[in-house]
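To keep things simple, chains are lettered A, B, C and D as they appear, and every chain counts its residues starting from 1.
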Amino acid sequence: MLDSFHEECGVVGVYGHPEAANLVYLSLYALQHRGQESAGIVSADGQVLLSHRGMGLVADIFKEDIIRRLEGFSAIGHNRYSTSGSTLLKNAQPFCVDYVGGAVALSHNGNLTNYVELRRRLESDGRIFQSGTDSEVILHLIAMSKAERLVDRVVAALGEVQGAYSLVFLSESEMIAARDPYGFRPLVVGRLRGQERPGEGWVVASETCALDLVDAEYLREVEPGEVIEFTAAGMKSYRPFAPHAPTRCVFEYVYFARPDSRVYGRSVYQVRKELGRRLAQSHPVEADIVIPVPDSGVPAAVGYAEQSGLPFEMGLIRNHYVGRTFIEPQDSIRHFGVKVKLNAQREVLEGKRVVVVDDSIVRGTTSRKIVTMVRNAGALEVHMRISSPPTTGPCFYGVDTPTRKELIASSHSIDEIRAFIGADTLGYLSERGLYSFLGEGPRGGFCDACFTGRYPVLVSDDEQPIQLHLFEAKDR
Amino acid sequence: MLDSFHEECGVVGVYGHPEAANLVYLSLYALQHRGQESAGIVSADGQVLLSHRGMGLVADIFKEDIIRRLEGFSAIGHNRYSTSGSTLLKNAQPFCVDYVGGAVALSHNGNLTNYVELRRRLESDGRIFQSGTDSEVILHLIAMSKAERLVDRVVAALGEVQGAYSLVFLSESEMIAARDPYGFRPLVVGRLRGQERPGEGWVVASETCALDLVDAEYLREVEPGEVIEFTAAGMKSYRPFAPHAPTRCVFEYVYFARPDSRVYGRSVYQVRKELGRRLAQSHPVEADIVIPVPDSGVPAAVGYAEQSGLPFEMGLIRNHYVGRTFIEPQDSIRHFGVKVKLNAQREVLEGKRVVVVDDSIVRGTTSRKIVTMVRNAGALEVHMRISSPPTTGPCFYGVDTPTRKELIASSHSIDEIRAFIGADTLGYLSERGLYSFLGEGPRGGFCDACFTGRYPVLVSDDEQPIQLHLFEAKDR
Amino acid sequence: MLDSFHEECGVVGVYGHPEAANLVYLSLYALQHRGQESAGIVSADGQVLLSHRGMGLVADIFKEDIIRRLEGFSAIGHNRYSTSGSTLLKNAQPFCVDYVGGAVALSHNGNLTNYVELRRRLESDGRIFQSGTDSEVILHLIAMSKAERLVDRVVAALGEVQGAYSLVFLSESEMIAARDPYGFRPLVVGRLRGQERPGEGWVVASETCALDLVDAEYLREVEPGEVIEFTAAGMKSYRPFAPHAPTRCVFEYVYFARPDSRVYGRSVYQVRKELGRRLAQSHPVEADIVIPVPDSGVPAAVGYAEQSGLPFEMGLIRNHYVGRTFIEPQDSIRHFGVKVKLNAQREVLEGKRVVVVDDSIVRGTTSRKIVTMVRNAGALEVHMRISSPPTTGPCFYGVDTPTRKELIASSHSIDEIRAFIGADTLGYLSERGLYSFLGEGPRGGFCDACFTGRYPVLVSDDEQPIQLHLFEAKDR
Amino acid sequence: MLDSFHEECGVVGVYGHPEAANLVYLSLYALQHRGQESAGIVSADGQVLLSHRGMGLVADIFKEDIIRRLEGFSAIGHNRYSTSGSTLLKNAQPFCVDYVGGAVALSHNGNLTNYVELRRRLESDGRIFQSGTDSEVILHLIAMSKAERLVDRVVAALGEVQGAYSLVFLSESEMIAARDPYGFRPLVVGRLRGQERPGEGWVVASETCALDLVDAEYLREVEPGEVIEFTAAGMKSYRPFAPHAPTRCVFEYVYFARPDSRVYGRSVYQVRKELGRRLAQSHPVEADIVIPVPDSGVPAAVGYAEQSGLPFEMGLIRNHYVGRTFIEPQDSIRHFGVKVKLNAQREVLEGKRVVVVDDSIVRGTTSRKIVTMVRNAGALEVHMRISSPPTTGPCFYGVDTPTRKELIASSHSIDEIRAFIGADTLGYLSERGLYSFLGEGPRGGFCDACFTGRYPVLVSDDEQPIQLHLFEAKDR
């Protein structure tokens, strides 16, 4: 999916290793798909925190001399995808402050639903804000807590926030991981192989692909509502919040997570393949070949092909060198937007009835270009198959989504969408198909608000949003 | 193939379009896989040539203001892969000079086998050199010709050089394409759709994926030994050289070209799939799944799976955000080299007998790491299948290859290689398998010197190489 | 003076002009001598604040596109000299925050003497800090005020701080200037010529050279203890603080200010010339020529020469292209530190008895090198004359000074200093000489703590300094 | 003089020192005033040449790692001022080539008057050019020589060129300095103190200020027509060309050279002071003060003041932080061009009759702004005094000058110029005044073509200039 929902962040933390910052750097590499606009690392050497943040990709921001200066035995990191138009350095994470207890840094994946209310309250109390992120609110609340220990301050702060958060905190000598009681965003804990001392070798990350890269063993999810403290004495779990039925984000399976990650205890690749198989069962079609929209559609297409018995082909080839910007000819009416990334192969497609498998349709404009490309390459029929239900609502839990109005499925029937994108047939995986294997209960323990409009945590619509008055000139 | 032979260049030219430089830029984007270390564009506005060259990727070198300044109706471009240790800006192409006839620029893919001899001769004649590239020799010869027309000067110059060259020249008002009589390196000619006037809309490129992106129609290969002149009067073909049995580089099919390109008149993707099918026929094995080494091994693995009836799976996931450099932890004995790019999926591989399909083995070290990764992820058996014959010799025709000594197949039997990489079985496609469908005659019209040691054009080994005395400090 | 005290900041504000940011930019250009390590501009368009800050010189940080994006009718700016080792972007000013009243930005020249106490108090109250500057404390206090109007919040905040401050604040629609009751640091107000409407054309700046450049008329000093509010209704003055005998920094006259500025109502150049004249009266010497240490010693040397009747010569030539860093040969015992900036002219100095006029001696090491250079160029005698009293104590009011221990005059007699620097004679201007024309009363209304140790506002020495726990990796 | 003639280059060479490149770097620092648009260093380690060139100032182009990589015992360097619109990296020097004899690099200050003819001849001979500089021609001629030794090749090459050249060549093991028989541009030879072995410690530079900085002793000028070879055996002088009456550029005294340099055997500062004295004698005026246009007018103003008995004052203050570009407000009719660099001091000028001393007037526009500034600051009368004769003709010997038409003195009487610049009186130093102390004979051994139109070497006007066909996009 090229026109897609965007994960807003990847988080990672390493506790107890002489090259903590370097391991965090490698982990951010592995989590680059969760955010490409800014990245940062903060390390702790027992006395102070050391930070470096920048705009762009991990590999461009961190050079050897910077990694070397991020001294210490612990470090946390963050990849950020920022919504268009607010690519601000000041919003880059980890967010760090000095406060009465020393220094604390924060990496946050998610979105607080009562941010506006909290920020209003804190502003009324005469507090100042230097970013436009809800993460800053959490640090205020930590500083305001009267508790002594950082973990108690964190618990006190999280007791006041609502919504989605997978968090990693770092102080001069401790690391703390926390996940909201709903478990919206993923978070796992692992351990570097060969580490035996209690205070060494702990790794926390959004996805297991980060653990794999640094050769850490996957231990388990950070549980919804759990707070974990890492100190020289080892790892200690807290359950400060009343239990709640988890509503994990199902879109991690559909699109966000890397296929080689294990999320919520399952292989993402296997889930996607199975989504493809179920899609083939519910939306079979007489065709000659199955092709994915690369790269995210590949596993579902493999599953669809396997189930349907149709041959799997790479009918669309992706140019992996494409950056974010390229320069369009001025006088041309041709759109290069999708073409520069994908090329349709006439030799594969000509004279064929083609099943195109993608993970989702957002605005519909990209799917329309893809269908046109496939047809122009000689396909006789184009059957679009989507390995998730229609996306009808925006996400308020840490995902960058278009407004409801822009989501084609929010206001169009499936047949209208089919007509818009120009496909011969269009089939979406049903909600039932999704849950038939993923979970028990009607929604399987997942948040599927973007498909169903059933939002587990309410965001009051009538409240005025926070009006920021402070911008970086580069951002306007 | 991650440890690979490297294409040394991609070339492109556009004649007769008001945004020629922009179209060349898009074409270089499409040809980025042929060279990532420097790139350049030269445009011609009828009066002068305008150039811009830089180190790095096309998208980083060219910004809108630069493209805007590359005015004119024609332009040529170049992507360069330079051998390690000579990433010099002065060697970046297109190479441009002023001479008695005006100005001329050159994009060159290939390698002259009599470069040393020619340079010696030119130096003895009191001529000076500012680069370490053989391309400069061609420009000297052009300037030395007594012919009036540029095309005649080019023919005179090419009459003196030997070896591999696919060339695009640009003068203030003309563009000329040329390919050596052996046809070592690919070169195609196409035309922008909707262009009717004789002097408008011509495109020359290494591969058809560049034509596709700019919406140009593929016309045909520039034939081995052909020189084509593009002027306001249109395209004119010359055949100045005695005919020769073509020996096109077969490795373009195996690895270099983008799968969506048409090379030597065939779809690269289809050829690779067929290589996979033949490989399955000649080296079948009892196994559970077939996985590619992504991305280059995908088409052959699809073919192998199709032929063998085994399921195709993505058992290795590639991180496409990985740049050229990343920072290794200092105190670690672990190698991150391959891991940072590829991750093996336990859920796919565990308990399985796995066929791993790759396009070639160069030093063997990368294959060894991949086999280890796949085994560590729980595979019961690992059967490596290579969709080309063993690579035993270096290339002298424009490809960056290790020395013969470094090529594992030059000094080890297939079983020794198998043992080294740690696979249960290892099967290479045979030469016969390669030619069974690719061509007629014993070698099918291909150069396969890297497999067979049969070099179509001799390079005298005992001649002393040119000793350069001039270096950029950054390069040492 | 090359080894010098350093002004820590220049501040500027423009209210009511369609190109406010551009005028601020030009003013920062004019004030570049007050700080060269970072600079920033914040503009206000009536709705929001727009900021841009960077490390380095004004001309390098601001390019046309950035200035264009700093839209609005008002803007403030800041040049910062940061003490060695904390060249942090996060400390760059103007400092900006969102708070309950909207947004506010601050440019600060000076230093709060009760910063530690205030920060402790604010931290105890659960407030967070993102910089290591005292300016952040002022913004907290503004946000904490319960007053409605910004000007009242500012007054409330300043009522709690002590020490040195010349401030310019900017909100979405107002600009406020303030100066501490002692008047430590300079601040003037002017008006762009030709502006007649009440809310247009106001300029506030550290020195009048900024007014001159943007063609603004000098109106008057912002008085010690005064707060001035600029709104659409014009300029309004407040005197919220009890009157206090002003103690303006006398070192602005000696060294900091640009000679073409008017500071505290007097021409800096004329004051310096007069200092030179008085120096000649109190420390005459039989000599052949008078030479300045360029550039800061020039006016005093002109005055010395005039008074003494000795010829003025440029015996030391300055290289104005010298940047902050240059690369010393490794194996050399020679020091290039001063030589790279100054060259002594044999033709001028040979066989002469030379009076060298400088503004001050800090560590003495630079003076020593200069005396050596002058002697090596053939001077028969070197008579060092300093146009201010011996500097014996550090400054706590916004100037970067070495510790007391490093100040040679704090622990050495004048004759010991003379011996150390190798001069034949050494004469400092006396305090009496300083005040004989500068002011009435024993100290003339000036702070001369660096000469006399009489600190107008006490800094409690035994209090522990704030221990920062947060650093940028680049800074360590 | 702010609107000035521009020196086109500074050259330097160091032979026989383990940190040759670093010493060249320091020398280029000292010679930065001779060219600020590009700089380069080439070092020789006995085997190869290593180069680094870049756009901008020496301090920005060379960082420690680059200097470290410029290994070797010898090095040459170059500062370039390029005429507006051709700030090309490819024209940056030292210019380096490989040729039959190895490698050779060249730093060139000057301009060949038969460049067009030579380039035409070389192009006709089939030779190619990669720059637009005449220096490339010299390298061609060296490569074409049949001589064995580099020094003989150099002599052969110089035998064919005409015009102005002060040159330093570097090969793998030798350095050669050469100066044209007219001695147009300066060149001196010195030796690092404490060096005794014959092949060590030699320094060649445009001006002695470079020798001073690296602690080298001034030995003598490279004589007009002399070629000096530096090898392990020491320094060896050649006089291959028929003697010629020298015509050294007198403008080096007037403006180009640094005042602390010794040029043509005299102190520049002393010459300028004497020019000021003679100016006072020939153009006395009843006035109150004498002020220079800083910095270049300072020595002449000191001389004028001394001779006239009027007080010397700094009535114009220069902002030394001003870079090449600054951003003008869009809607303003005010010109910031000169104001951003100079500020007139009311306190000094008000009510005074002022003598303003500058070194020359080129277009007159800058002088006009200065006169206006001085008047606006309250001067009652403004008497402009120019310490050289009117500049009426362009230079063809290595100086960047406006066309004859743009030179105000070429077409206006002195009184017309006075009226244009708005001065009360205007006085130029006469030719007689210039030579009264500078030299014997009618023109004292100088080239004063820019004053007199008497060009020592003719440039044929009717010859068509070389039409370049090759440009860098950035340059247009």
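We take it that a contact is a pair of C-beta atoms (placed from the backbone, for glycine too) under 8 Å apart; a residue touches a chain by one contact, two chains touch by 3 or more.
In this text, all values refer to a predicted model and were calculated from it rather than measured experimentally.
**Student:** Measuring centre to centre with C-alpha atoms, which chain is farthest from chain A?
**Tutor:** With centres defined by C-alpha atoms, farthest from chain A sits D.
**Student:** Using mean C-alpha positions as chain centres, tell me how far chain A is from chain C in Å, no decimals.
**Tutor:** Here chain A and chain C have centroids separated by 49 Å.
**Student:** Taking each chain's centre as the mean of its CA atoms, how far is chain B from chain C in angstrom?
**Tutor:** Averaging C-alpha atoms per chain gives centres 60 Å apart.
**Student:** I'd like the Å distance between the centres of chain C and chain D, where a centre is the mean of that chain's Cα atoms.
**Tutor:** About 36 Å separates the centre of chain C from that of chain D.
**Student:** Where in chain D do residues touch at least two different other chains?
**Tutor:** As it turns out, chain D has no residue touching two or more other chains.
**Student:** So with touch defined the way it is at the top, what topology do the chains form here? Options are line, ring, star, complete, other.
**Tutor:** Contact pattern: a closed ring, each chain touching exactly two others.
**Student:** Can you give me every chain pair that touches, using the contact definition above?
**Tutor:** In this structure, the chains touch in these pairs: A-B, A-C, B-D, C-D.
**Student:** Where on chain D does chain B make contact in their complex?
**Tutor:** Where chain D meets chain B, its residues are 43, 47-52, 66, 69-71, 96-100, 102-103, 123-124, 126-130, 132, 139-140, 143-145, 172, 468-474, 476.
**Student:** Can you tell me which positions in chain C touch chain D when the two form their complex?
**Tutor:** Residue positions touching the partner: 18-19, 22-23, 25-26, 29-30, 32-33, 36, 57-60, 62-64, 67, 209, 212-213, 215, 258-260, 262, 267, 269-270, 295, 298-299, 302, 305-306, 311-314, 317, 319-323, 325-332, 334, 336, 339-340, 343-348.
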